[in-house]
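The next part holds the structures, each set out as structure tokens.
One chain, subunit A, appears in both complexes that follow, with subunit B as partner in the first and subunit C in the second.
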Partner chain A sequence: MSETRHPPVWQHRTTGKRLLMWFGWLCLVALCVLCWQIMTKDTIWAFVSDAPRQAADLGSRMIPPRWSYLERLWLPLWDTLNIATLGTLLGILFAIPVAFLAASNTTPSRVLVRPIALFIIVASRSINSLIWALLLVSIIGPGLLAGIIAIGLRSIGFVAKLLYEAIEETDILQVEAVTATGASPAQVLNYGIVPQILPAFYGISVFRWDINIRESTILGLVGAGGIGMQLQASLNTLAWPQVTMIFIVILATVVVSEWVSAKVRHIII
Partner chain B sequence: MISNSNKSVVASADTSSLSQTTALNDSSTRYSTYPTSWRRPAVFFPNRWLRWGLWLLAAIWFYLAISTIDVNWVRVAEGIERGWRFIKGFLTPDFTSRWNDISTGLVESLTMTLTSTVAGVVLSVPVGIGAARNVAPTAIYYACRFIITVSRSLQEIIIAILFVAMFGFGPFAGFLTLSFATIGFLAKLLAEDIEDIDESQTEAVRATGASWLQLINYAVQPQVMPRLIGLSLYRLDINFRESAVIGIVGAGGIGATLNTAIDRYEFDSAGAILLIIIFIVMIAEYTSGFVRKWVQ
Partner chain C sequence: MLDVSNISKIYAAGDKALDNVSFSVPAGQVVGLIGPSGAGKSTLIRCVNRLVEPTSGSISLAGKTITGLSSGELRSVRRRIGMIFQEYALVERLTVMENVLSGRLGYVSFWRSFTRRYPAADVQQAFALLDRVGLIDHASKRADALSGGQRQRVGIARALEQNPELLLIDEPTASLDPKTSRQIMRLLIEICRERQLPAIINIHDVVLAKQFTERLIGLKAGRIVFDGAPTELSETVLTTIYGEEDWKTLDSDMEAA
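Up next, the complex of A and B:
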């Protein structure tokens, strides 16, 4: 009866839509194949097919790790932690004003100041801390200072972006209540907005500190201090047992910092 | 005067203390029972001595940390001039004189980004399904979680070092690195998403007698697809940014060009490369936001 009017098999989309989707997928696959061919144009396939043997060779060189090397890693590790923490502090110091200038409800000028603040955020976010470190090492010389500034510059964008989003999400009622008492703009900021974003701020800071520990372990590869310097030296002398030891230390540091950050954020939020 | 009354309003709203109730009962002593000064309640560590002790420890650490920074001020003074040149190079970027190197690096980076994201997404889908507690058997769950943990705890640059040692220099090592990193990132988020799905839809599909594959296809996939697309686009953006970095250890891409430009103190070329990176990241962020809105 009425069943004959329905199609025998249920289908989610109309034929036209499905054709369009298939065409879209086809385009993606074609683009992918094209990219693959351009990318592997210069690849030496002999090396790739040789990889399992190389991996086995590398494995046999890397194991066992040289445990005695550990005692020479404590000082670089301390440096690494300092780079991450001081860099985070530096980044936060600059991120707070940038965030208030970028948030549409606190910015002094939407047409003039806000785009500049947003550009600072994008520029800082899109350039990895390793590239910042590369630049700073060539500008102010190798050492901890370059690492700290690199971490700081990278942190500005991250912290400022999350913070300005938190500022934009604040409850306007509380701000109005404080304004109604006759508070000055600075007092409105201090009593109306700051208490609302404080938990988010602590959470963001600890989160960024955790990421910075992770990133500061490798900054030494380009000469910006910390345990990465040891890694670079060991790689250059092909001392693979030492490299393994450094990887273990880095991994342990990252795991511990992640645990601390998760614990602290759990307490705060 | 204004600021004072202002503070007490905040205080009474905040602490609803005993003085407030007495003030309401006895209006003649209303003003005298209000506290004349107000101090913000401490967020952490209400004990003042503990708080000061922690500040002291922080100060000691700060002093020690600052004192271990060994700054060569002569070198820094020399560097100021170079820093100034970098800023000038950033403002007047030179796209032309190194354009061949830049375009080669850029093509490598972009192709590497796309292929590795696609490969990573394709591989992360089974891993992600396997790592979701509600659709995978226990043994597979633990195996997939292990893959995710390994992939997430190693940083891209460390994987790149190992892959360059195994597969030789060039974008192929970079492609493998980024694919590997993508698996951990996407599979973890996908698994969390699958664990959060609406179970009533799964039950409804299961009640029709659907097989496991049909269950995944008709109950799980429609619920997680918009987010999977959003995450893939986000990862595309991350992979491009990372592709600019792993070139430093020899895994191809624009990072190698940038490294060379900075090593030669050609700051105007370096500025051009950085501007291109920022520009592409901005475009990627804008388009992915647009696509995500359209998908959802």
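Up next, the complex of A and C:
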């Protein structure tokens, strides 16, 4: 009768799992130490200690911005907006069919077509706009067109990926109901799936347009038109007050585009 | 009217949902399909319009074999079969009118349906049906703005817009409160009587099934274990279909209802 009954003990994790987690944290710390060593190996510390002075020097040369330069920025800024907008439209145009081919519930063939569509998405996403622009400038020459196509190519993957995920998340019952009326496959898409993905589609498109405005500001660095070309020219001639002016214009544009995109998405969703 | 013979369905995972099911529905008869969850009720009615492809067996509607049709022929058979769903299955972001008109999709060209330019007769019929189910004032509202009972009425109007020769009704009241359930069941039965329309109704609620249908089929683990008039549905039969339970309370529910 001396045996005492212990209340049952509950543990969130077993002892084995806790040891494993400890080991995991240990590895993470070790990795951080290793990274720090590699990072600082080639650092010249004299330059680092000099950094605040250098920064102050550059800053003093950049201020005040050259406000009169503004009038020569309007046209490049307009070009930048055009690159972003037309590039987004181009991307969306190609992304829509790719998304329907990639979504497992609308693809005509999961074995053949779907992998191709997914490959297009990955290929487009894996290459940065700047690199697309670099390639296109050497293929079709410098200018707006290269920028528009670069933005378009990069947007296909982004829009198609988010859109095909939205297609796969549609309510199958609504699709079933439309199918049951004897609708053709095109009508099933039009009535069963499109109404369900429309809000996502608008949201994704505006979001990508907003990202593209930011990306298109630097395309000029490789000669693909827009305000980036002015930036490069100013950097090359060490015209720091002009660089500041360009920064201000870019910042203002990005703020406005983010505001517009947030507003539009709020209205739609 | 509808002949189902030796239908079996084995899903890809190996589950046998239907096992050699045969029955036929004469014109104008309303059949209640009862049975526990997972007995294969939904699979069975989805086999009839081949939303689910039966593994073996044959189904024919008014002498025309449905099983084995090409996709084009299947569409022309589907438009003769109206279907009503448990969660209403309306296209939520379309208007009530668009939902009802979608019952005509099997009859109009893609371009007409895309631009929403349906023939005037179809639109007139849609208005008449909305009037019949009491939603004439809601035609321009979006489907997701309606209550559950109203949505199910739109679902009924959509199915009738097809001018169907058969109705397949999957758990019409499962998402509705008891009062609305009875109203919806009454409406369905009235409409079937008016049009001499045969119907198969999947239904969980045995009390409702006994009250509103003229014939009951009991399904258990993919097999028919009962087929007869609601009055024949004794406690022993209920035990065969659903398993051991005190069924006496069910009858007192009946009297109360």
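The definition used in the following text is that the second predicted complex is superposed on the first by the 244 of 269 C-alpha atoms of A that agree within 3 Å, B and C clash if a C-alpha of one lies under 4 Å from a C-alpha of the other, contacts with A are read in each partner's own complex, and residues count from 1 in each chain.
Everything below uses one rule, namely that a residue touches a chain if its C-beta (ideal position, glycine included) is under 8 Å from a C-beta of that chain, and two chains touch if they have at least 3 such contacts.
It should be emphasised that the depicted structure is a prediction, and the values quoted were computed from it without experimental measurement.
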Fit or clash - subunit C, subunit B, common subunit A: clash
Contacts of A:Val178 with subunit B and subunit C, given as first, second, both or neither: both
More subunit A residues in contact - subunit B or subunit C: B
Partner chain(s) touched by A:Tyr191 [first = subunit B, second = subunit C, both, neither]: both
Which superposed partner A:Val9 touches (first subunit B, second subunit C, both, neither): neither
Partner chain in contact with A:Leu112 - subunit B first, subunit C second, else both or neither: neither
Intersection of subunit A interface sets (partners subunit B, subunit C): 178, 181-183, 187, 191, 198
Subunit C contact footprint on subunit A (complex, rising order): 171, 173-174, 176-184, 186-187, 190-192, 195-196, 198-199
Of subunit B, residues touching subunit A in the complex: 2-3, 5-6, 9-10, 43, 65-66, 68-72, 75-76, 78-79, 82-83, 86, 107-108, 110-112, 114-115, 118, 153-155, 157-158, 161-162, 165-168, 170-172, 175, 241-242, 244-245, 248-249, 255, 258-259, 262-263, 265, 270, 274, 277-278, 281-282, 285
Footprint of subunit A on subunit C - complex, ascending: 49, 51, 75-81, 83, 85, 87, 89-94, 98, 102-107, 110, 113-114, 155, 158, 162, 168
Contact footprint of subunit B on subunit A as seen in their complex: 28, 31-32, 35-36, 38-40, 42-44, 47-48, 51, 54-55, 58, 78-79, 82, 85-86, 122-123, 125-128, 130-131, 134-135, 138-141, 143-145, 148, 178, 181-183, 187, 191, 198, 214-215, 217-218, 221-222, 235, 247, 250-251, 254-255
